[in-house]
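Multiple structures are listed underneath, in C-alpha cells.
Same chain, two partners: chain A is paired with chain B first, then with chain C.
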Partner chain A sequence: MARRLLQGNEAVLLGALRAGATYYAGYPISPSTEILMRASVHAADHPEFRFLQAEDEIASANAIIGASLAGAKSFTATSGPGFSLMQEAIGYAHKVGVPCVFVDVQRVGPATGMPTMPGQGDILQSRYGSSGDYTSLVFYPSSVVECYRYAVEAFNAAEESLSPVVLLTDAFIAHLNEVVDLDAIEVEVKERTLPALASGQTRLFTGVLVYADGEPATADADEYLRQYEEAKARRLTIAERYAFHEYGWNTEAETLLIAYGITRRICQPLASHFALWRPVRIWPVLERELREVAARHRNIVVVEGNDGQYAGVVERVLRRDVARVPLLGGRMSLEAVREGLARLGLLAPEAVGPAGAAR
Partner chain B sequence: MTQTSDLAFDRIAGVRKTPLEEFYASGHRTCQGCESALVMRQFAKASGPRTVVTGSTGCMYVANTSYMTTPWVVPWMHTQLGAAGPSAIGMAAGLRALMRKGRIAQERINVISFCGDLGGGDMGLSGISGALQSPYDLLIILYDNESAANTDIQATGLTTYGAQTTFTPPGKVHRVMQRRWKKNVAGMLAVGHPTCRYVATACSAYPPLDFLNKVRKALAVGGPTFIHTFDPCPKGWDYHPSYSHELGELGIKCGIFPLYEIVDGRVSYTYDPKKKGRIPVREYLEKQGRFAHLIDEDVAYIQRRVDAMWEEWEIPGVAPLKGGLRPA
Partner chain C sequence: MGFKDKLKEELFPTIWCPGCGIGLIMTQLSLVMDDLGLDEGNTVLVTGIGCTGRMGGYMHFDAVYTLHGRTLPVAEAIKTVRPELKVIVVSGDGDQASIGGNHLLHTIRRNPDITVLCNNNEIYGLTGGQAGPTTPQGTKTVSSPAGTTTTPVNLQGLVNTSPHAFYAKTTVYHQGALRKAIREAIAWPGFAFVDITSQCIENNGRRIGFPSANEMLMHYKREFRPAPPGSSALESHQLGIVRGTPEERAPAGVAAPSGGSPSRGEAGSGEGEE
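Right, the complex of A and B next:
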C-alpha cells in the first residue's frame, strides 16, 4: 500500500484489522459511524471478519465481550451517549478480565449535545464511568497515523492486561484526512493468550465475585482485595509498557502547555512560545513523567475540550494549581486557545488574532 | 375475522371532511417526498390541538427541530434514543398527577410518542413494551422508513431483507449483506401484551384516510396503544421523490407490509390479500435503487417468504405460528 489519503475513523478500523480483530459490533452514532460503515464494507468482502449491527450500544458492548471470550479479538466504536450506555458492560469486562477495545469518538455532550462538534468531555468517563474500582487503560491519538498505531497498541494492551482498553478520539481527529503510508508504520502485534471459551476446559465467567472454584465470594472482603489488587497490579505493570507521551516544542519556555488529542494539534502554531507535554496514555496517568516535566516550568496550562477534567487530575498529581483553557461547545480553535492564554496573561494580547503562525 | 368498525370514534368520513387545521405545519427540513413527515402531519391533524408529543432521536427529531425552528404547533419534547415508551409514560403520568391535584383542568389530553424503526423497533423495544403495560392513555407511533435515516441510511432490524444501506453494502464475496428478515414489531407487541387494546399497522399513503382514522380509533379506545407505519423514504430507498405514495401502495398490495388493526384481540385486515389479491413483490422491489443488486434468486426468496406469511401463518402478517396445536 502506497501513500494514501486516509480518514481518522478509517485508520482506527485499519489499525484494528492490523491487530488481528475479527469481530466488530456497533450501533450508529455520529461521529463514529464511519468505523461501523467501513467495518461492514470489509465484512462484505472478508467472510472471516464478522460484523454485527446491534440494536443498541448495550448489545454491542456485550457482543464484543462474548466474541472476545469465544476467542476473537473484538472491538466496538461509539460516541458520548453510546459510551455511557456501554459502561455497565465495561465494568463487567474489567471484573471478568476480557480483552477488547472500546473506541469513543468524543463529541459535545451531555446527551445528544452537539453531535457533529468535537469535544473531550469523556476523559473522566473513560476512567470512572462504570461502578466500583478498576484500573483503566486509555489512549488518545492526535493524528491519522496515530489512530492506526494506537488502535494496534490498544489491542496489544488489552491482550496483555486482560482488560478492556479505551481508544479515545474526537470528531475532528476522526474526520481528519491525512496522507499516510501505513506500510511505513512498524507495529508489533501481541497474539491472544487467553484460552478460548470452547477450548475444552470448563470455564466460568461471571460478574459476581467468586472463588477460583466458582463458589460465590460475595461477602468475603479478603477475597475481594486479593482479586482487586492482583488485577490492579497486572494492569499497572502492563501499562508501564505503554507509557506513550510527548514532550517538546520550546522546552526553555517558562510555560508548559498540556494538551492531548486534537487540542495538541490546535496549539501547534504556538510551538515557539511554549513547551508542550502530551499524554497519549491518558489513563493510568503518567505521574512520574508529568512530575519530571512539570518541575522544569514555572507555569502550567492545561488546554482541553472540557471544563477542566484533566486539569483537575494534573493538580492532584502535582499538588499545585494549574491554569486552565477550556475549549467548550465545540469551539476548538487556535483563536480560542490564544484568547484563553491572553486572559491568563501568558500571551500578549496583540498575539491574539486570526489563525496562522503566532506573532 | 371480526369487523371492528362498530367501535365508536370520531371517524373522518372522507377526504373533504379532513380537518383543515395543521398542528405539524410547514417549515420543517425533511426531504422532498418524505412519508414520515406525512405521518407526523397526519397524526397531529387527527389528534388535534389538545395533544402533547414526545419523540425519540431519529430523522423526525433532527429534521423537525434544527436551529430552534420547528413545525410543531402542539407542545413537543425530544427524548433520548430508545426512550419513546418511558417518556410517554412520564408525560401521561405527569398530566394525570396535575389533574388530580387540580393544578390543570380535567380534560382529555392526547399523549403521542413517536420513534423511528431504529429507536422503536431495535433500541426502544423494551421501553415500548413497558409502556404497553402501563395504566395510562398514550399512543406510540413507530414510523418505519427501514433505516437510520438521519445518520446516512444505516440498516436497522426493520430493514427489508436484501436492501443496500451504508451498513449493508453488496460486496464481492457477499451480495446480500442485509440477511435479517424484517422484525414483526406490531405483531410481536400485540401478541405479547394481552391487555393492550389497540395495535395497528398503517401507511400514510394508502389507503387514503386510513392512518388518520387509526390514530383517532387508537385514541378513542384508550389505554396504551401502538401503531406501526410504513414510510417510503426517497433518500434511503433510492427512488425519485414523486413515487413515494406509489411505493407505499405497492408495498401494501404486494403483501410485504401487512396492513391490519387489532382491537381487543380481534384482527381485521385493512388490505386483505385473500380478497383483493397480491401483486408480485418484484413490482415493489424493482422500483427502488436499494434492491438494484438483487438477482432473480433473491427476489424469488423474498417472494417465497411473503407467500409463506400469507399462506402458512396462523394469523397472516401478525403471528408466525403454523398449523395450530399438535397433539401431545
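Right, the complex of A and C next:
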C-alpha cells in the first residue's frame, strides 16, 4: 500500500491487527473512542475478529483477560478514568500471567478532569496503579507511525513476558494525522506460547497465591517470594529485548532534555539548543541508558505533561537534582516549554517570543 | 467414567466448613457433567470470589478463578472466542448480585450461551457473615445488628428482563430438582441462571436460630414446593424453571432478523422431585 494519511488512534488499531489481535473489548471514552469504533467496523467485515462494547471499563478489562486465556490476542483502549477502573484487572493479569494489551490515551485528570485536553498524567498509574508489587512493561510512542510500530511491540512483549502490557499515548498523538507508509515498516510478530483454555489440562488461573496443585499458599511467604521473583525476573529479562529509546539532537549541549511521547515532538524546534533523551519504554525505566547519557550533561530537564512524575523517577535513578518543566492543564505547547526553560535560565527570554509571553 | 473423576479428591477435605451447602452443588454439577460428557477438553469453569469460587480448584477442568464480581465478562469472552466450549460459571449471590450486579444486568441483555450456578446463601460467608444483596429484609447479621432494612435483589425479575433467558430456582435440599436445573441450564441455548438456595450454617444459620445445617435443609424441605405446571413466574418459595424463547442467532457477520418480542415461557413440570 502506498503512503496514506493516518490518525494515531487508527494506527494503534492497525498495529494491533498486524500483531494478530482477534479480540477487542472497550467502553467509549474520549480521546480513545476512535479505536473502539474502528474495531467495531473491522469486526463487521472480519468474523474472526470479535468485538465487545462492554458495560464499563471493568468488564472490558476482564473480558480481554478471558479472551486471552481462551486463546485470542486481545486488547482494550481507554483514557485516564477508564484506566483507573481497569487497574484491578491489570493486577490480576500480572498475578495470573495473562498476555494482553491496555491502550491508555491520556487526557488531563484526575477524575473527569479536562476532557479531552492532552496530558501525560498516567505515567505512575501505568506502573503502580494496581495493588501490590508487580513489574510493568509500558511503551509510549511519539508519532503516528510509532503508534503502529509500538502497538505491535506491545503485543509481542505481552506474549513473551506473559503479562499485560500498557501502550500509552495521549489526546494529541491520538488525534494527530500524519502521512505514513505502513508497508515500509518491518515488524516481527511473536506467536502465542500460553496454551489456550480447554486444551486438556486442569489448570487453575487465580489471583490468589496458590501452590502448583491449586491449594492456597496464602500464609506462605517463601512461596510468595518464589513466585514473585520468578515473575519479576521474567518481565525484566523480556524487557531487555524492548529497550527502545532515542538520544540525539545537539549532544554537545550542556543541557539534556528528557521528553517522551508527544512532548518530544513539541520540543523539536529546540533541537539545536539541547540534547534529547527520549525513553519509549517508560517502564521498566532504562536505568543504565539513562545514567550513561546523563553523565555527559551538566543540566538535566524533564519536560512532561504532568507535575514531575517521570522527573522524580529520573532523580531516583541518577541520585542528582533534575529540573522540571511541567506542562499542565492541557497547555502542551512550544511556548509553554520555552517559558519553562526560560524560568530555569536555560533559554534566553527573547527566545520565548510574544506568543508565549501573552499566555 | 463416574462423577468422581470430575473431582480432585486428593485435595479433600475441602476448605468449606462442615455443613456447608456448596459441596452439594459440586456433587450435582459433577453428576451432570459426567452424564453430558463434559470434560477438560470441552468445558471451562469460571468462578468468582467467595467460598463458592474455590470450586474450580477441586475439579478436573481448566478453571478461571476471577476477581470478585467479574465472572461474567470473563466467561462471555471465553465463549465468544471459543464457541465450541461449554462455559459454566459458579459463584455466590454477593459475587453475582452485588459487586457483579452491573455485569449481570448487561450479560443478561447480551444473552451469551453460558450457564451460571449461583450459590445463594443470603450472606457474605467468607468474610464472616455480613448482610448481602439477597439477605431477607429484617435479618440480623454482623453488619446489620438491628436487622437489614433493604429489599433483597430480585434475581428472577432481573434475569427475566430478557425475553430469551432461562431462570431456575432450587435448593440444595432438593437434589433432583437441582440436578435437573443444572442439566437444563447447560443445555439452554443462551444465558441460563440457576438460583440455588443453600445453607451457610457457620456464618449465618446459627445466628438466625438454626442449631445445625440439617435443620436448615429441613427448613428448605418444608418451605419450598414445586411451582404448579404452567407458572410463568415463581413465587418466593416455589421451585421450578422459567424459560424465555431461545434467541435466533445469526451467523457471525450477518445481521440478526428482526421480530416481535417473544413471550415468556411456562414453568416446566417435575422440578419438585427430591
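FYI, the second predicted complex is superposed on the first by the 353 of 359 C-alpha atoms of A that agree within 3 Å, B and C clash if a C-alpha of one lies under 4 Å from a C-alpha of the other, contacts with A are read in each partner's own complex, and residues count from 1 in each chain.
Convention: contacts are C-beta pairs under 8 Å (C-beta built on N, C-alpha and C of every residue); 3 or more make two chains touch, one makes a residue touch a chain.
In this text the structure is predicted, and so the values were computed from the model without any measurement.
Peer 1: Should A:Ala111 be classified as contacting the first partner (chain B), the second (chain C), both, or neither?
Peer 2: After superposition on chain A, A:Ala111 lies in contact with chain B alone.
Peer 1: Please work out whether A:Ile65 is in contact with chain B alone, chain C alone, both, or neither, and reply first, second, both or neither.
Peer 2: Second partner only, chain C.
Peer 1: Have a look at where A:Glu55 lands relative to chain B and chain C in the superposition and call it first, second, both or neither.
Peer 2: both
Peer 1: Touching A:Ala259 in the superposition: chain B (first), chain C (second), both, neither?
Peer 2: It touches nothing on chain B or chain C.
Peer 1: Which of the two partners, first being chain B and second being chain C, lies in contact with A:Ala44: first, second, both, or neither?
Peer 2: In the superposition, A:Ala44 touches chain B and chain C alike.
Peer 1: On the A-aligned overlay, A:Cys100 touches which partner chain: chain B = first, chain C = second, or both, or neither?
Peer 2: neither
Peer 1: May I ask you to decide whether A:Thr33 touches chain B, chain C, both, or neither, giving the answer as first, second, both or neither?
Peer 2: So A:Thr33 only meets chain B here.
Peer 1: Is chain A touched at more residues by chain B or by chain C?
Peer 2: Comparing chain B with chain C, the partner touching more chain A residues is C.
Peer 1: Which partner does A:Pro81 contact after superposing on A: first (chain B), second (chain C), both, neither?
Peer 2: First partner only, chain B.
Peer 1: Return the residues of chain A at which the contacts from chain B and from chain C coincide.
Peer 2: Looking at chain A, the two contact sets intersect at 44-45, 47, 55-56.
Peer 1: Can you check the complex and tell me which residues of chain A touch chain B?
Peer 2: 27-30, 33, 36-37, 40-41, 43-47, 53, 55-56, 81, 111-112
Peer 1: State the interface residues of chain B toward chain A in the complex, per the touch definition above.
Peer 2: Within the complex, chain B contacts chain A at residues 57, 78, 80-82, 118, 122-123, 125, 148, 151-152, 154-157, 166-174, 177.
Peer 1: Under the touch definition given earlier, write down the residues of chain A that touch chain C in their complex.
Peer 2: It is residues 22-23, 25, 44-45, 47, 50, 52, 54-56, 58-60, 62-67, 69-72, 74, 88-89, 92, 196-208, 210, 213-216 of chain A that touch chain C.
Peer 1: Sort out for me which residues of chain C touch chain A in the complex.
Peer 2: Of all residues in chain C, those touching chain A are 8, 10-11, 15, 40-44, 46, 56-67, 70, 72-78, 80-82, 85, 102-103, 105-106, 251-253.
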